[in-house]
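Letters A, B, C and D mark the chains as written, and numbering starts fresh at 1 in each.
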Amino acid sequence: MIANTLTVILILAGLVFFAAGTAGLLRFPDVYSRLHALTKADNVGLGLVILGLMLQAGGPADILKLFLIWVLVLAAGTTAAHMVAQRTWTHGEFESDR
Amino acid sequence: MEWLAQQLAPGLIYPTAGAILFALGLYGLIRRHHLVLRILALNIMGSGVFMVLLGIAARGEGPPDPVAQALTLTGIVVAVSATAFALALVVRLTRITGQAVMLPGPPDDHAPVDDISREEHAPSAEYDREHRE
Amino acid sequence: MTTFYLVAAIFLLATILLGLIRVLRGPGSGDRMLAAQLFGTTGVTILLLLSMTLETPALVDVALVFALLAVVAAVAFVRQHGLPEPSGTPIHQRHGQKKDPDDDR
Amino acid sequence: MSDLLLVVFDLVLLVGLLGVAWRCLASTDLFRAVVLFITFGLLLALAWVRLEAPDIALAEAAIGAGITGALLLVTLERLRSIVVERRRGQPDEPPDPAGADALLHALHDPPPPRRTFVPALTFALVVGGLMVTALWHQPDAVGLEPVVDEHMDVSGVDHPITAVLLNFRAYDTFLELAIVLIALLGAWSLGRYDRLPARPAPGPILPGTLRLLVPVAIVTGVYILWAGSHAPGGAFQAGAILGAAGILLVLARPRDLPMAPSSPLRLGLAAGVALFLAIGIVGLLIGPGLLGYPPAWAYPLIIVIEVAATLSIALTLVALFIAGRPAGDDR
C-alpha cells in the first residue's frame, strides 16, 4: 500500500518534469536554452518514473534492468545535448526567436 | 460505453489506420519529386501494410497469429536493406546529375561518371602503394 | 494501479504530440533534433508504463533497446561520414531568411 | 474503465501517426521530413506494442532508432556536400548543369505542382477506400495460430515466432537473408572506399559514451539473441542492435578505419545464407526435406543458424551504411 502510494507520487513528479521539458522546448527562445529544458526531462523525469517503477519490480534483475535503462538514457541525453550544441556552434545556425 | 470500446477494438482501428497510411504514402509518392521524400513515402506505405497485417493478426480472442508477425519481421528487415540501397543510389545519381530528382531524359554526356573513390578520397594511389608493400 | 499507469502513458503521448510543434517550426535543425531526442526519452517512459499496464515484461527489453540506441541519430546528425565536411555552407542561413512555405506558424 | 482508456490511447496514437506521416510527406525541408520520419518510427513501435507484437516492436526499436535515422541523416549530409562541391566548381569537373538553384534543390523539395493534386488525390482515395472497404468486410478467421500451437513441440524452440521464422517457414527467412545480401551487393557495385579517416572528437563526452554504449550493446545483442528461443527476441533484432552499435562506431570513428580485409569480411557477410543453405541441403539428403531439420536436432541447428544470421545481418547493415566496397577487393 505504502509502495503503491510512493509509486504514484514519484510517477506524478516525473510527469511534471516531462511536462516542464515539453513546455521549455516550446517556449524557450533559442537552441541553447532549449537544451536545458530537454535534459531536465531526460534525467529527472525519467529518473523519478523509474524510481517509482522499481518499487513495483518483481526482483533484483528487473530493478537492475530499469536502472540500466536510466543510465543509458542519461548518457544518451548528455551526449545528444553536447552534439547538438556543438553542431549549432560550428555550423553557425544559431538563431533566436525573439 | 462498452459498445464503443468494442467498435474501436485494436483489430479494427489499426488496420483502417494502416490502409489510410498506405494511401497517404501513395499520395506522397505521386506528388513529391525529391527522391529521398519518395523513399520515405515508400517506407510509410510499407508501414501501412505491416499495420494491416498485424492488426488482422491481433483480431479475436487468444494470442495473435505468429505467422503474420514473422512475415512482418521479415518484411521490416527487407525494407530497411532496400531503403539503404535506394539511398546509396540517390547519392550516386546526385553525384552524376547534381540533382536528387528523376530527370526526364538521360543525364548529360559530359557529366563525370567515374568511381566515387577518386573524387572523395584523394589518397587512393598512395594507399594502394602502402597496401601492396 | 493499471489505470493510473495508462493515464500517465496517455499524458506522455500527448506531450509528444505537443512537442511536434517544435519539430514543425524549427527553425534550426538543432531544434528539431532536440525535440526528437526528447521524444525518444518519452517513448522509453511510455513503454515502461505500458509494460506495467499490459503486463508484458518483454516491453522492458524494447525500452532498453530504445535507450541504448537513442544516441545514434544525434551522433549521425553531427558526424557525417565519408565526405569531407564542407566549410562555410550557407544553405541554412540562406534559407533561414526566406519564409518556409510549409511553415506552420 | 481501463478498456476505454486503452481506446483513448489507441486513438491518440493513431492520430499522431497519421499526422506525423502527413506532415513528413508535406515537408519542403528534407531535414524536417527526416526528423518527422524518426518520430514516426517511434510511434510505430508503440503501435506494434498495442497489437501484441513485442517482437516487431523490438525490431522497430533497433531499426527505427538505430539504423534508419542515421542512414537518412547521413544521406542528407552527403547530398549537401555533393551539391556544395559542385557549386564551388572543382577544377576537373564541368560547370554545374543544374544551375544556381541546385543548392536549394539538394535539401529542399519545392511544393508539388497544382496539376498533380486532383489525380493523385483521386488515386490515393480510390486505393485507400478499396482497402478500407475490404478490411471492414473481411470475415473473421482464426488464422494459423492453432496450427502453429499444435506443432510447437517439434519446432525445437518455445517461442512461436522463432519457430515460424526458423523452422516452419525457414524458406522465407533464408530468402530474406539472401535479399539483404543482394542489396549489399547492389550498394557495393556503386563505388568503393579506401578508408574512412579518423575524426577525433572535440571533447571527452563522445568517446566516454562510446565506452559505455558499445559493450552494453554487445551484451544486449547477445541477450536478445538468447531470449529469442523462449521470449520476444531473435536473430533479426540482435543483428539490428549489433549493426547499430557498429554504425555508431563508424560514425564516431575514434581512429582511422581501414576497410576490413576482404575474405574475413565476405565470409562474415555470407555466413548466414551459406550456413542456412548447407544445413538445408543436409536436411534434404537425410530425409526431412529442403530446409527441414530432424526434430531431435532442431534446437542446436536453430541456434547455430541464428548466431550466423545475427553476425551476417549486423555486418551487412554496417556495410550498407558505409555503402561502398572495400578498396582491397579490386585486384
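Definition applied: a contact is a pair of C-beta atoms (placed from the backbone, for glycine too) under 8 Å apart; a residue touches a chain by one contact, two chains touch by 3 or more.
Bear in mind the structure is a predicted one, so any value in this text is a computation, not a measurement.
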Chain pair showing more contacts of the two, B-D and C-D: B-D
Chain closest to the middle [Cα centroid of all protein chains]: D
Centroid distance [mean C-alpha coordinates] between chain D and chain B, Å: 9
Mean-CA-position distance for chain D and chain C (Å): 19
Inter-centroid spacing, chain C versus chain A (mean Cα positions, whole Å): 12
Distance from the mean Cα position of chain B to that of chain A, given in whole angstrom: 31
Where chain D touches two or more other chains, by residue: 6, 26-27, 67, 78, 82, 106, 108, 193, 206, 209, 213, 216, 324
Set of chain C residues in contact with two or more other chains: 29, 33, 35, 40, 64, 68, 70-71, 75, 77, 79, 82-84, 89
Numbers and ranges of chain A residues touching at least 2 other chains: 68, 72, 75-76, 79, 83, 86
Chain A contact footprint on chain C (complex, rising order): 1, 4-5, 8, 11-12, 15, 18-19, 21-22, 27-31, 33-35, 37-38, 40-42, 44-45, 48-49, 52, 57, 60, 63-64, 67-68, 70-71, 74-75, 77-79, 89, 92-93, 96
Chain D partner contacts - residues on chain B that touch it in the complex: 1-2, 4-5, 8, 10, 12-17, 19-28, 30-34, 36-37, 40-41, 43-44, 47, 50-52, 54-60, 62-74, 76-78, 80-85, 87-92, 94-95, 97-101, 108, 110-112, 115-117, 119-121, 123-124, 127-128, 131
In the complex with chain C, residue positions of chain D that touch it: 1-2, 5-6, 8-9, 12-13, 15-16, 19-20, 23, 26-29, 31-32, 35-36, 38-39, 42-43, 45-46, 49, 54, 57-58, 61-62, 65-67, 69-70, 73-74, 77-78, 80-82, 84-85, 103-104, 106-108, 111, 193, 196, 199, 206, 209, 213, 216-217, 220, 224, 227, 231-233, 237, 241, 244, 247-248, 250-253, 322, 324
Chain D residues within the chain A interface of the complex: 202-203, 205-206, 209, 212-213, 216
Sites on chain D touched by chain B in the complex: 3-4, 6-7, 10-11, 14, 17-18, 21-22, 24-27, 30, 33-34, 37, 40, 44, 47-48, 50-53, 55-56, 59-60, 63, 67-68, 71-72, 75-76, 78-79, 82-83, 86, 90, 92-94, 96-98, 102, 105-106, 108-110, 112, 116-117, 119-121, 123-125, 127-129, 131-132, 135-136, 138, 140, 142-145, 148, 160-161, 163-165, 168-169, 172-173, 176, 179-180, 183-184, 186-187, 190-195, 236, 240, 313, 316-317, 320-321, 323-324, 327-328
